[in-house]
Amino acid sequence: MLLSEIATSGPDFFYLAPWVVFFPVIGLLINMIFGGRLGEKAVGGIASTASGLTFVVAVLLLISLRTHHEGATVLLAEWISIGELQLDWAFRVDTLSTTMMLVVGGVGTLIHIYAIGYMHEDVRYKNDPGRFRRFFAFLNLFIAAMMILVTGDNYLMLFVGWEGVGLCSFLLIGFWYEMDTLAQASTANAMAAKKAFITNRVGDFGFLIAGMIMFWAFKSVQFDTVFEAAHHVAEHNPGVILAITLFMLLGVAGKSAQIPLYVWLPDAMAGPTPVSALIHAATMVTAGVYLVARSAPLYTLVPQAQFIVAIVGGATALFAATIAVGQYDIKRVLAYSTISQLGFMVAAVGMGAFVAGMFHLVTHAFFKALLFLSAGSVILGVERGHHHAAHGHHHDDHAHEHNEVFDPGDMRNMGGIRKRMPLTFWVYIIGSLALAGIFPLAGFWSKDEILAEALSLNFTVYILLAVAAFFTAFYMGRQVWMVFFGEPKHEAAEQAEESPPVMTVPLMVLAALSILGGALNLPGLGTFTHWIEHTYEKFHLHLHHGEFNITVAITSTVLALLAIGLSWVLYGRKAVTQDQPDPLKRILGPVFVGMENKWWVDELYWAVILNPYIALARFTADVIDWRFWHDWFHDKVIAGTFQWVSRTLLDRWFDQRGIDGFANGLADSTKELAQWLRGIQTGFVRNYALSVFIGVVVILGYLILQ
Amino acid sequence: MTPELITFILLASIAVASGLGMLFSRNAVYSAIYLIINFITVAVFYLLLGGAFIAVSQVAVYAGAIMVLFLFVIMLLGAEKLGRSGDTLPWQRPLAIILGLGLVAETLYILFFQAGELVALKDLPEGFGSPSSVGSVLFQEYLLPFEVTSILLLVAMIGAIILTRQEKKNAGR
Amino acid sequence: MNPVLHPLTLVTFFPLLGVLVLLFMQSERKNALRWTALITSLITFGISMWLLAGFNAQNPDLQMVIDLPWIQVAGWNISYHMGVDGLSILLVLLTTFLTPISILSTWTAIEERVKDFMLFFLLLEVGMTGVFLAQDLFLFYIFWEFTLVPMYFLIGIWGGPQRMYAAIKFFLYTMAGSLLMLLAILWLGIYQGTFSVPELIAKGGIPADIQLWLFLAFAAAFAIKVPMWPLHSWLPDAHVEAPTAGSVILAGVLLKMGTYGFVRFNIPLFPEAAVKAAPWMALLAVIGIIYGAAVSYAQKDIKKLVAYSSVSHLGFVMLGLFALNPQGIQGGILQMVNHGLSTGALFLLVGMIYEQTHTRDFDVYGGLWKLTPIYGTLMLIVALSSMGLPGLNGFVGEFTILLGAFGSESIGSPWYAGLATIGVILAAVYMLYMFQKMFLGPEGSVVEEVKKHGHSIKDLNWREIVTLVPILVLIFWIGLYPKPFFALMAPTVDKLVAAVQAAAVAMH
Amino acid sequence: MLPVSYYVGLSAVLFAIGALGVLIRRNAIIIFMSIELMLNAANLAFVAFARVHEALSGQIFVFFVITVAAAEVAVGLALIVAIFRNKQSIDVDQMSSLKG
């Protein structure tokens, strides 16, 4: 290639795309096979390097895409090919997938590095250092699966990653599988992991059905083929597209924790904090948003589906935000916040504001990862403090120290931590403000874009989202006041300690990104919009260009500030401790009880779905299959009838009285004869000889007489 | 009464008497000696009937070799006397005697009343029953049976050795 | 070619050579016996590889056919007719592949009457391979019934406490079905004048009403073997009582004889009846999928859970076969292999822990992952494969089956496949339940129990890992790159589908 | 020359005595000797008939009988020795394991 050509066409690194999967797999294998002999540093280093290399590849792809907007598809191998069904292992590089790769690789690497420090302490506190290696193996597996998800060139390959990340989520939620979140022996974490996987499977069921309808409608599940034929199919059979998109929504609801399948995400906080940050905030849960954005050519054809998606997103955003207000666990608040923010994104992509949704996805990845990691830093700091405090008391109340179950994540145990952990405090403030949507942090720009789009596209959703945004600012304010300000409410918080640099440096990087992330898509410039549009150009998809709306921006900023002020009134002036009710409870009464108890949705699911299924399964297994079918029908009816026929009918009546009467008579007479004949067999040789001799004499006599 | 008849009666009485002696003597050694006497008288009968070679064989093989073997075994086992420990078959003995007499009666009846007298009309040719004449028949007409007999003897010999060999149980290996 | 050295004869009857050698060995020399059986089965596997090398994947017809007249009395043309094609090659390979693995798994598990065990095992291999290769109905029937005998003894001698009940039930149940099949075989042999399957297919022309009866008679034998709901009652008994290796072979191969029978005999011999019966078979399959999954979940015994999961998995296979389109049938055949691998591996794994703990009760297990990380990892992979995680073998089979059934014309409605997809969720429910109960949570009481006997629960040893690794390799291979496996059967399946379609068109 | 019938009659008497010995006595050795006596009686008949028919075959037969008898005695006595070793007795009544 000539130099000039390179200059004009730019470098082309598309062939590197499969390496985004290979690098983490290599890292995973190295750690699994040799990890036992390597130290913690090496294991963490290898895993982080593997993750870092994927980021490098993603950056190279980004560079290539700047000149080759159309992207490329890298074919690795044929996968399944039966008749019309042609599925390949093919990697799709375009602006949309590369955005995801950058987020996954970038945030993933930072979290890997952070985890070296975090897991070092975590495995020490929980008394199982051998588990360090497994954590990083799982983390690399996750990166690989997530990369498959975002780079897949067909729906089925996307589904491979889709379930793969679900598996990693399961493994990592259940990382401390023998305890609960308070490190007490229990199956709670394992149950949470199982819950996550099965809830996701319900979503995957929708995905699979969507895939099957798609195949029989389009005879393909490859993106380009499907999207190109979508118009044609929609004209003849719009119901098919509607069905596909709605079933796909079920998948989205599972993976991205939307109503009605969001229930797994709060429980997923049982996993170590880096996992919560990486999987359950920044990357995996956004897969649903990515899926809708990827399927934009389908969704734009069916406004009904779009409406439903948007409503689901908006409702989730508000619903989860209300629950977040009533939570006391620092990570649980963030978890509901994540659900709420995912609702924002889903609502955005549902309305057709794909760029806004993706933009919020990116900025959210920054500040939510930051928040989770800082929360982890806080928890570890409090834990260290608890450790110190316990050692201080070592002499006087030894027994008490061991019996007390201390929850380092309960915000009611904290307070005044800003003095003990200043660095964590500052980055947390940045993350919170970004999430609350305060100018000029990243969250402001992206959330505002969504709200502006909503105002023009779907007013109901706008109302839902605006109220949700108000709640967002409120619960973040509540959290910050409770955790960082006021006086320490527990001696552990009093003695909390700042985290080591291996943890704080990634925090600072993420804080910087949370501040500057908005620059990606400033109003007027629209860098990110143009960038994403390249992907949709091919399908002649005309995206709705949301204009910056100053009214919306001001309204939401005022709302946010109002909410923060309100939270200061309630929580900033007076500390809330474990034994006294939340100040909000006095005002809201039963409504707050509902928020505290997550509106009893889990209980509802147990009552309506899980318990009936378990009862039905037990009934089927025990009564129908075993007692009725196995024991009664087979053993009693079939075998019993046979035995009755053979024993009673044939044997006792027919055989014993009829045939046996005759046969036994014969047998008995034979027996008697034999008994008599037996006497002749004396066993004496002489006796036998006598018989012979008798024979001789008799025969001779006979001959004479003849 | 011809001298021939006298000789016959005399010898026959000895044969029958020695047979009965064998039958009824308590001591097995006596039985064996009675049997030897019996064999020798029979050998004399062979001579009278023109079987010189057979007579000699009878004395040498039967009265000599076989009976010596008997005596040898009797003495080896110390089984000269057998205690009478109640007859297990009480009716065997009378029945056997009756049957034995019956058999003799039947045979004699056949011989003397049905078949008619068997009389040797001619004189024997020269050398009848001599070793050379017996030998020539034996090695011409009866060569194969003769050879088979040798195998029989060999087998009997081996059999006897194996049967009497002391089994060395649990020794060695 | 010399009929004795013909590859099909060799691959079928080579284990008999091992049987002959075993007969002359002392029964106390257990290790020598084990090695002999293992090497015999490995050589048989080698022969099957040679068979594969000579197999032409492009040819849709029977290959390496050997056809010698055997019993030609009174117009009965029974022949020694063997052949292999795309429908059977994978199953033959599965048989020869799983046999050495099962033998290896008995190394320490079977200590009593090792000689007899190995004898029966090799005899069983002869029967199973013969079933997949026989192309003469009479010969097939002989092999089919022959497999019962060694399996009966394997369960009845080396089984659990209820072994005689289970063995007799297994025997009678299967026998009852086969007798109906024998009647149908005799009808075909007498009225069609031949027992040769290809000839019968070529001849066709069986009146539709008779076809239906013959179809049902064959189906009775095969459905019991599969087992299709509601004829599955013998399966949990047989599985729970059988020794580990017996369970592996039972699940891995013997059940496949039923599904194989459907695709080899029922569908091509009676295409019109098959098309007519497809919705009903699909209905039974879907009920089996859901029912098996639900019942699995409620089990307290690990082996029983796996046994009922077979009912569910084989429901998928049946659903695929009666989709009567390429996706469904190819997926169904591949899923037979997948089920053989993953359920076989599950039984192996359960057997391995049972050897140490002597209990299969879920309630006493828990937290094993900490004690046995390798065992836990392998179990996880196999469980994931069994519940159809994409990237592992189970998914490829299940997805193609569901896809085929979803658009199948003969089934006629996507509802069946839609409902069957719920089985995918339920599979996750019971598999994860099993995994969680055994490996996650705090340590179960069994750990203490084992300690009381002066042992501690040990992780897998090298022999056990070697037993499992080949299966794992295939699990990943089929999951990631199933193309060579599909390529083996594609032409044959296409031909079969074309024949059935033609029959379906002729019907209307 | 005496009629040969006399000799045959004598052989019959001797045979009967031998048979009686087999039937009456319990000592295995004496039973054996009785059998020898019976063989001898038969031999005598053979030789007598050979004299009547002037054929040497009769005498040859006697020769064979003697040979067979020798073999028989060798094996028979060996058996007796073996039995004696096991049972410390040669009473045939004690060897009755064929009793039905």
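Observations, loosely collected:
We call the chains A, B, C and D, going by the order they appear; numbering starts again at 1 in every chain.
Simple rule for what comes next: a contact is a pair of C-beta atoms (placed from the backbone, for glycine too) under 8 Å apart; a residue touches a chain by one contact, two chains touch by 3 or more.
These numbers were taken from a predicted model, which means no experiment stands behind them.
Across A-B and A-C, it is A-C that has more C-beta pairs touching. Averaging C-alpha coordinates per chain places the centre of chain A 109 Å away from that of chain B. Centroids of chain B and chain C (each the mean of its C-alpha atoms) stand 80 Å apart. Taking each chain's centre as the mean of its C-alpha atoms, chain C lies 75 Å from chain D. One simple way to say how far apart two chains are is to compare their mean CA positions; for chain A and chain C this gives 33 Å.
The residues of chain B that reach two or more other chains are 88-89, 92, 96, 99, 103, 107, listed in rising order. With touch defined as above, residues shared between interfaces to two or more other chains in chain A number as follows: 682, 684, 686, 690, 693. Taken together, the chains touch in the following pairs: A-B, A-C, A-D, B-D. Every residue of chain C that touches chain A in the complex is listed here, in rising order: 169, 230, 233, 236-237, 291, 294-299, 308, 325-327, 330-331, 366-367, 369-370, 373, 384, 389-391, 395-396, 399-400, 402-403, 406-407, 414, 417-418, 421-422, 424-425, 428-429, 432-433, 436, 439-443, 480-483, 486, 490, 494. On the chain A side of its complex with chain C, the touching residues are 77-83, 85, 89, 128, 134, 156, 159-160, 162-164, 167, 170, 174, 177-179, 185-187, 189-191, 193-194, 197-198, 201-202, 204-205, 208-209, 211-213, 215-216, 613-614, 616-618, 620-622, 625, 629-630, 633-634. Interface residues of chain B, counted against chain D in their complex, comprise 2, 4-5, 8, 12, 15-16, 19-20, 22-23, 28, 31-32, 35, 38-39, 42, 45-46, 49-51, 53-54, 57-58, 61-62, 65-66, 69-70, 73-74, 76-77, 79, 82, 88-89, 92-93, 96-97, 99-101, 103-104, 107-108, 111-112, 115, 117-120, 122, 124-125, 128-129, 133-134, 137-138, 141-142, 145, 149, 152-153, 155-157, 159-161, 163-164. Chain A makes touch with chain B in their complex at residues 682, 684, 686-687, 690, 693-694, 696-697, 700-701, 704.
By the touch criterion stated above, chain D contacts chain A in their complex at residues 19, 22-24, 26, 31, 92-93, 95-100.
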